[in-house]
Amino acid sequence: MSKYKALKEECFEANMQLPKLELVIYTFGNVSAIDRDLGVFAIKPSGVPYTSLKAEDMVIVDLENNVVDGKLRPSSDTKTHSYLYREWEEIGGICHTHSTYAVSWAQSQKDVPILGTTHADYLATDIPCAPPMNDALIAGDYEHNTGRQILDCFRDKNLNHREVEMILVGNHAPFTWGSDAAEAVFNSKILEEICRMAYITLSINPDAHRLPESLIRKHYERKHGKNAYYGQK
Amino acid sequence: MSKYKALKEECFEANMQLPKLELVIYTFGNVSAIDRDLGVFAIKPSGVPYTSLKAEDMVIVDLENNVVDGKLRPSSDTKTHSYLYREWEEIGGICHTHSTYAVSWAQSQKDVPILGTTHADYLATDIPCAPPMNDALIAGDYEHNTGRQILDCFRDKNLNHREVEMILVGNHAPFTWGSDAAEAVFNSKILEEICRMAYITLSINPDAHRLPESLIRKHYERKHGKNAYYGQK
Amino acid sequence: MSKYKALKEECFEANMQLPKLELVIYTFGNVSAIDRDLGVFAIKPSGVPYTSLKAEDMVIVDLENNVVDGKLRPSSDTKTHSYLYREWEEIGGICHTHSTYAVSWAQSQKDVPILGTTHADYLATDIPCAPPMNDALIAGDYEHNTGRQILDCFRDKNLNHREVEMILVGNHAPFTWGSDAAEAVFNSKILEEICRMAYITLSINPDAHRLPESLIRKHYERKHGKNAYYGQK
Amino acid sequence: MSKYKALKEECFEANMQLPKLELVIYTFGNVSAIDRDLGVFAIKPSGVPYTSLKAEDMVIVDLENNVVDGKLRPSSDTKTHSYLYREWEEIGGICHTHSTYAVSWAQSQKDVPILGTTHADYLATDIPCAPPMNDALIAGDYEHNTGRQILDCFRDKNLNHREVEMILVGNHAPFTWGSDAAEAVFNSKILEEICRMAYITLSINPDAHRLPESLIRKHYERKHGKNAYYGQK
């Protein structure tokens, strides 16, 4: 077990950020962290409240969804996580919440339009909302198919998962990812704030315009482009 | 008195969750817990602020609304609690709040449509809003009749109180219940969050669709069905 | 000075509730408390932030607005307080805030309709919004005239200040009062919550109905009527 | 370095107010403070989270944007700050946030109408929203041009920067200023609250009227006019 200790710790710390950032209540949500060398990821156990969660409770699962280590049952969303880890080899962490504003946009089944620089600082497109699954997908391997639905949406919209690290699943809730679990959680908080601002903006002005492409590129590139000058690196 | 000590403690702890969960201010709301063997329930005393509430203040009442133990007057809503306990023998706790979003839906006199999986994780139908009472019922035994109004609504809409553990009373506020007082409080918090999300969703998209039946059953069954795989049991 | 010590303490404690209850930021708002025997009231000094406020800073003013005791200048709204104290002999405390939802209703220049029992538990009518003052009143003794505007509104709408302990002044903000300063503050918090619920209710259902008179009387009387049975008295 | 110690401290303290006042998350926003005698200003380093910020991290920059002291890269918005300091010689501090309601108004590209006395207590006009920059300005020296856009807006609307200490930049976010860094931050919080109230007001009543000029002058003058009687000075 000791070889999974660091991975469990990373996963635990990231999960514990969710209630602190007011992205979850009770047992809502889950974060995972992958160790690509070991070929396994740590994930929150299913239905355990954050108030009693411990690092040793994290469940170690391989990419075929077999529990490798841990006494508890892994998150019911485990197959969605493993699907994304298999398909997207560069990502190191995944976060799923039921945060209020992101869920509300997911329930509205609308992409979140890029209305300002707060949004453009993190991604250069609307935040995609994958359509709800059809009945056959729901009746099948549901959580596996949630991953598939996310990939299909990225393919249909021609999005790059390294540039767009968040999605809303229609009728359901957001998933975000990043280079590690902490970054995945960070993206969930950013997403929630962008969703809240977009909701208020469109209440003030239903005809608010998307950002012009020039300003999108400017803000995105100054943080993420070749000549980025935001931050200390 | 010692034979009611545990019941009073359970009731007190559940009541004290209400301000912590931001479901009440001042003296709003009340929670009760029943001991079926003793045939009595403990309930918050009327009009006492949570900041000065003590476990020994809980009032013990029998199912005919007689105070059996306690120095204080029980909640003015006591007859609604006893009505539900008499009619629904499986429930162990009841919670009544005036939480912001649930009250707002009650005041709007609309059922809360099932718009997403956050909702379907807890119940498989819209959240019912019982119609306001007519003048005769109001002028009669008001709190008793509130219980009757709830039962009538469940009968009219063909709902099962073991599957739907929450209701809005039109023009008034929510009531929730569960296997014990803590679960009743839990359901009040979940209700508040669902109400908030539904409000924002319909502000973003007034034409947002109810969840398809397939997805409702999927999410409800994975937590509450025979083959449930959410959680640790 | 010692004869004003208790009055200053009461006034200070009530003022300090305002930031705790999230009804003010910085120097917004003010509370006063009157001693009818001494014929003076204590009031918050003008423009002093709550974070540095001390009980001894409270200013003692008589009913003709003369400062009787204290080193600081009294609230710029002092003349509104004295006006109300002179006209309404039964009240013991007055509270003025710029709380978010109450101000928003005041700015909308609409009475807050009585939409539910949360409202009816405290007053049996819509919450009145006094019309904004005309230019002559504004150019005159403004704060004095604010008091006059409040009295005029109560007379025009045939309201009783012992039954309705709150008002919105159009374009401005709320004033509330009560038997003492603590009750005046309590009414400001209740008002804010009612305003918030009414706003959300009408967003969900713009056609939401006012409460029927029977239910208004029922809820109001069970707390405030001759045969009241809410609370411990 | 010791000669910049006080300036760095002032700047640091002002920056640390932003998360406390809930105006920023993570690394959002930045505050600067100028020493006119030394001809330099201190500003938050770029991309450093508030949780790990230290006074010694503040970067000292001259009015031509040269780093004079400090190991870190200054805020990416530094050129906007220096532009404003050069043009407006009386200001001592500048604050930039991405607070929720102010950003939402900026994204809606609307001036915030003066709807009540809370607004008039701080400025006597609508809060200006500068139009988004055109593509040439964005492609040019973007942050420099943001300052220019602010000045152009003030000139076009004939506003005085000593009377109006806040602006929204369309599609982007607010900038505020004041006699020192603390006052700039204060204005950002006031702005956020005014924006929130205006949003709710117009949701309640889309036809809410701007304040009459008489009331605007009354409230503004009683705080800021020659015969001001608000506060202790």
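Chains here go by letter, A, B, C and D, matching the order in which they are written, and residues are numbered from 1 within each.
Throughout what follows, a contact is a pair of C-beta atoms (placed from the backbone, for glycine too) under 8 Å apart; a residue touches a chain by one contact, two chains touch by 3 or more.
What you see is a predicted model; the values in this text were computed from it and never measured.
Colleague: Turning subunit B onto subunit C with a C-alpha fit: angle in degrees, nearest 5?
Modeller: 90
Colleague: Roughly how far is subunit A from subunit D, centre to centre by C-alpha average, rounded to an integer in Å?
Modeller: 33
Colleague: Could you give the separation in Å between the centres of subunit B and subunit D, each centre being the mean of its C-alpha atoms?
Modeller: Whole-Å distance between the two chain centres: 46.
Colleague: Give the residues of subunit A touching no fewer than two other chains, as numbers and ranges.
Modeller: As it turns out, subunit A has residues touching two or more other chains at 203.
Colleague: Line, ring, star, complete or other: which describes how these chains touch one another?
Modeller: Shape of the chain contacts: a ring, since each chain touches exactly two and the loop closes.
Colleague: Which residues, counting only subunit B, touch subunit C once they are in their complex?
Modeller: That would be residues 25-28, 45-48, 72-73, 76, 98, 100-101, 103-110, 132-133, 135, 138-139, 142, 171-173, 199, 202-203 of subunit B.
Colleague: Touching subunit B in the complex: which residues of subunit C?
Modeller: For subunit C paired with subunit B, touching residues are 115-118, 186, 189-190, 193, 196-198, 200-201, 203-205, 208-209, 211-212, 214-215, 218, 222, 229-232.
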